[in-house]
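Sharing a structure below in structure tokens format, with a few things to ask.
As written, the chain order gives the labels A, B and C, with residue 1 at the start of each chain.
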Amino acid sequence: MDTALLLLADSRLPAGGHAHSGGLEPAVSAGAVRDVAGLAAFLRGRLATSGLVAASLAAAACAHAARDEADGGADGAGWVVLDAEADARTPSPAQRAASRAQGRSLLRAARSTWPHPALAALPGDAHHPVVLGAATAAARGTPRDAASITAYGAVTGPASAAVRLLGLDPLSVHRALADLARAVDAVADEAAAHATGPWRDLPAASAPVLDLYAELHIRADLRLFES
Amino acid sequence: MTRRYTARAAVTATCGADGRTRLPRLRSDGPLALRETAPLDGATVYLVGAAAGPLGGDDLELELLVEAGARLTVRSAATTLALPGDGASRMTVRAEVGPGAHLDFAPEPTVAAAGCHHRAAADIALRGGATLRWYEELVLGRHREQPGRHTSRFDVTIDGVPLLRHELRLDDPAVYGSRAVLGDARAAGSVLLAGPGLTREPHTADGLAVLPLAGPGVLVTALAADSATLRRRLARGEELASRPEPAGSVGPGRYDARVTL
Amino acid sequence: MGANHDHDPYDASPAHGRALRLGIGGPVGSGKTALTAALCRALREEVDLAVVTNDIYTTEDADFLRREAVLADDRITAVRTGACPHTAIRDDISANLDAVEALQERHPGLELIIVESGGDNLTALFSRGLADRQIFVLDVAGGDDVPRKGGLGVAAADLLVVNKTDLAPLVGSDLDLMARDAARVRDGRPVAFTSLRERPGAPEVTAWVRRILREAAAEHAHDHGHGHGHGHGHGHGHGHGHEQGHEHVPAAS
């Protein structure tokens, strides 16, 4: 794999990810995740729903950035349309806010690391998967790479939060992540298959409990993570 | 099982010069039998269901055209029971709601029976100033049976701009049974309200989320152990969604993990 | 800014044209929030300033500052750190940069933004991408051997504050020993002994902050007064021990 893409996928990329739990903190507060098995089940559901949607948006964004660059343009209008597709797939206001906050941080990191016309053309508050797709294009990755990096982050972010919140054994958690690897690849394949199709047809798999958790969390008095 | 239906039913609602809604087109087809009844609001149409189903292999489509200023209410007489059969069944609703028009679509619940393989899709295009109420309940299997495969996809646009794209996929129990998705809920439902004057405040309670969308609409989603509880939660959510201002302070809400996780 | 001739391509946040960012770090309970409040009270009439807090668990510190009304509410922002306070000020400063930028947008005239870290261990250090200068706050009750043991915060902060000196006799801490040890590990950088109980205004620290603000303003004016090719490239870098002397600080015009 290309080193630039490893940098983009690395959780050490300074793009604000460490302050977001992807719904894991409210799940822990509700008692829904207590151990590694519970975490694995939670991650499987998250991966196939919001993970798939994010990976699809990222793949589409990557394809759009590459197309736009080939056309010699900086298609600001196209980004607004794709961003609206992300909005329409994110009914929870708290999740929309978290996605835009992470998008903003990632855009700062990506613009600084891989200058690219698509990153310059993106609105400053674009949704996280849209920025991640454009950043993948900037790092010379494919839509499949964008989907893969996004789906990977959809499970590793909450897994890292679980280690911190529950004191889980990091070795066991990594074993659980390794067990999910094929499912992550399958989600990336499905997402990449939509990359060049009409944006309206991108997957929109919902996770009603995650939506509910996101809203509960943002109103919680005690919380360590932004989302 | 060799019975297969391909049916195309349609309704057109128009607004006359007197302001009353009329139905110049009311076309039933196969199992999609439509009856106009005493109006609840504008014109009212019941899907009365001329056959059990849908069964695997059925391909059903309902088209709803609500022209400028008209008001159409759609209900169903009975629960829809998605059953296994010869391949996948499909039920698609396409609706266009013109300027100033209103569509209220609220059929009885769909039950995803064991072994079913059903795809439900709704594609709704609203024009400027149109309003919408779209109500759905899904029950996961009869009498504690494991549901078959059921996917629903819901797309709503306003003048071409997407308001909501929302799927619920029951295909892998490890996914939909995950505590991130439905947990051990046996019934899931939603109400989408689109139009002006809705709340901008999110609200959560036991198994209920009231979610103001980025565009002019509010999605209410609910999960419950049974259909009756689900219906109560959705009614409560709809009441909260319809209020331009929240009643009292919007607290964190209490989350009943036993029911919804 | 037109200063690209000596712009370091790896310097993502040139200090010019924005508020000076002052990091305040230190262990839990050493008095970071109280010091922040004291600085706000002392400086708010003369300096356009705002605060970002990095709470470990809640927005308690921000709420404290609001309750104490040391600044208007819209000048105080809380950042959540995902259980990693040191990450948020050092390895991944995104959330803090977002908060700082939002404050700067809301108050374009800001001259000083204080970033208060969540209580952390002795190795925590602010990233230079976030803080132009940093203070590390210890208290005497934490043990008079802390300066001797060093640690990145104690050794490298631009100003080391040893707080709660009024408690020294009670906890048996030797302030002279702390001063000697600190001087040794800090390579001459300044140390301030404070007691917010006895001197609530923290005059020692306030004076130091006034000085770094003057320095920043002078550096800014200096850069603007020079044409191309000067290439001093010094930027806002520090750690060269220049805080020791006031000599190079011209009077701000």
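For the reader, a short list of remarks on this structure follows.
In the analysis below, a contact is a pair of C-beta atoms (placed from the backbone, for glycine too) under 8 Å apart; a residue touches a chain by one contact, two chains touch by 3 or more.
Computed from a prediction, not measured in an experiment: that's the story for all the values here.
Innermost chain of the displayed assembly, by C-alpha centre distance to the whole-protein C-alpha centre, is A. The greatest centre-to-centre distance from subunit A, using averaged C-alpha positions, is reached by C. Among all pairs of chains, A-B has the largest number of C-beta pairs in contact. For this pair, subunit A with subunit C, the centres built from the Cα atoms lie 34 Å apart.
Averaged C-alpha coordinates give centres for subunit B and subunit C that are 56 Å from one another. We define each chain's centre as the mean of its Cα atoms; on that basis subunit A and subunit B are separated by 29 Å.
Within subunit A, the positions touching two or more other chains are listed as 221.
Interface residues of subunit A, counted against subunit C in their complex, comprise 12-21, 101, 104-105, 108-109, 112, 161, 164-165, 221-226. For subunit B in complex with subunit A, the touching residues are 153, 155, 161-169, 172, 174-183, 188, 202-204, 207-209, 211-215, 219, 221, 223, 250-253, 255, 257, 260-261. Residues 12, 56-58, 79-84, 87-88, 91-95, 97-98 of subunit C are the ones touching subunit A in the complex. Contacts from subunit A toward subunit B in the complex involve residues 23, 27, 30-33, 38, 41-46, 48-49, 84-85, 87-94, 96, 200, 202-212, 215-216, 219-221.
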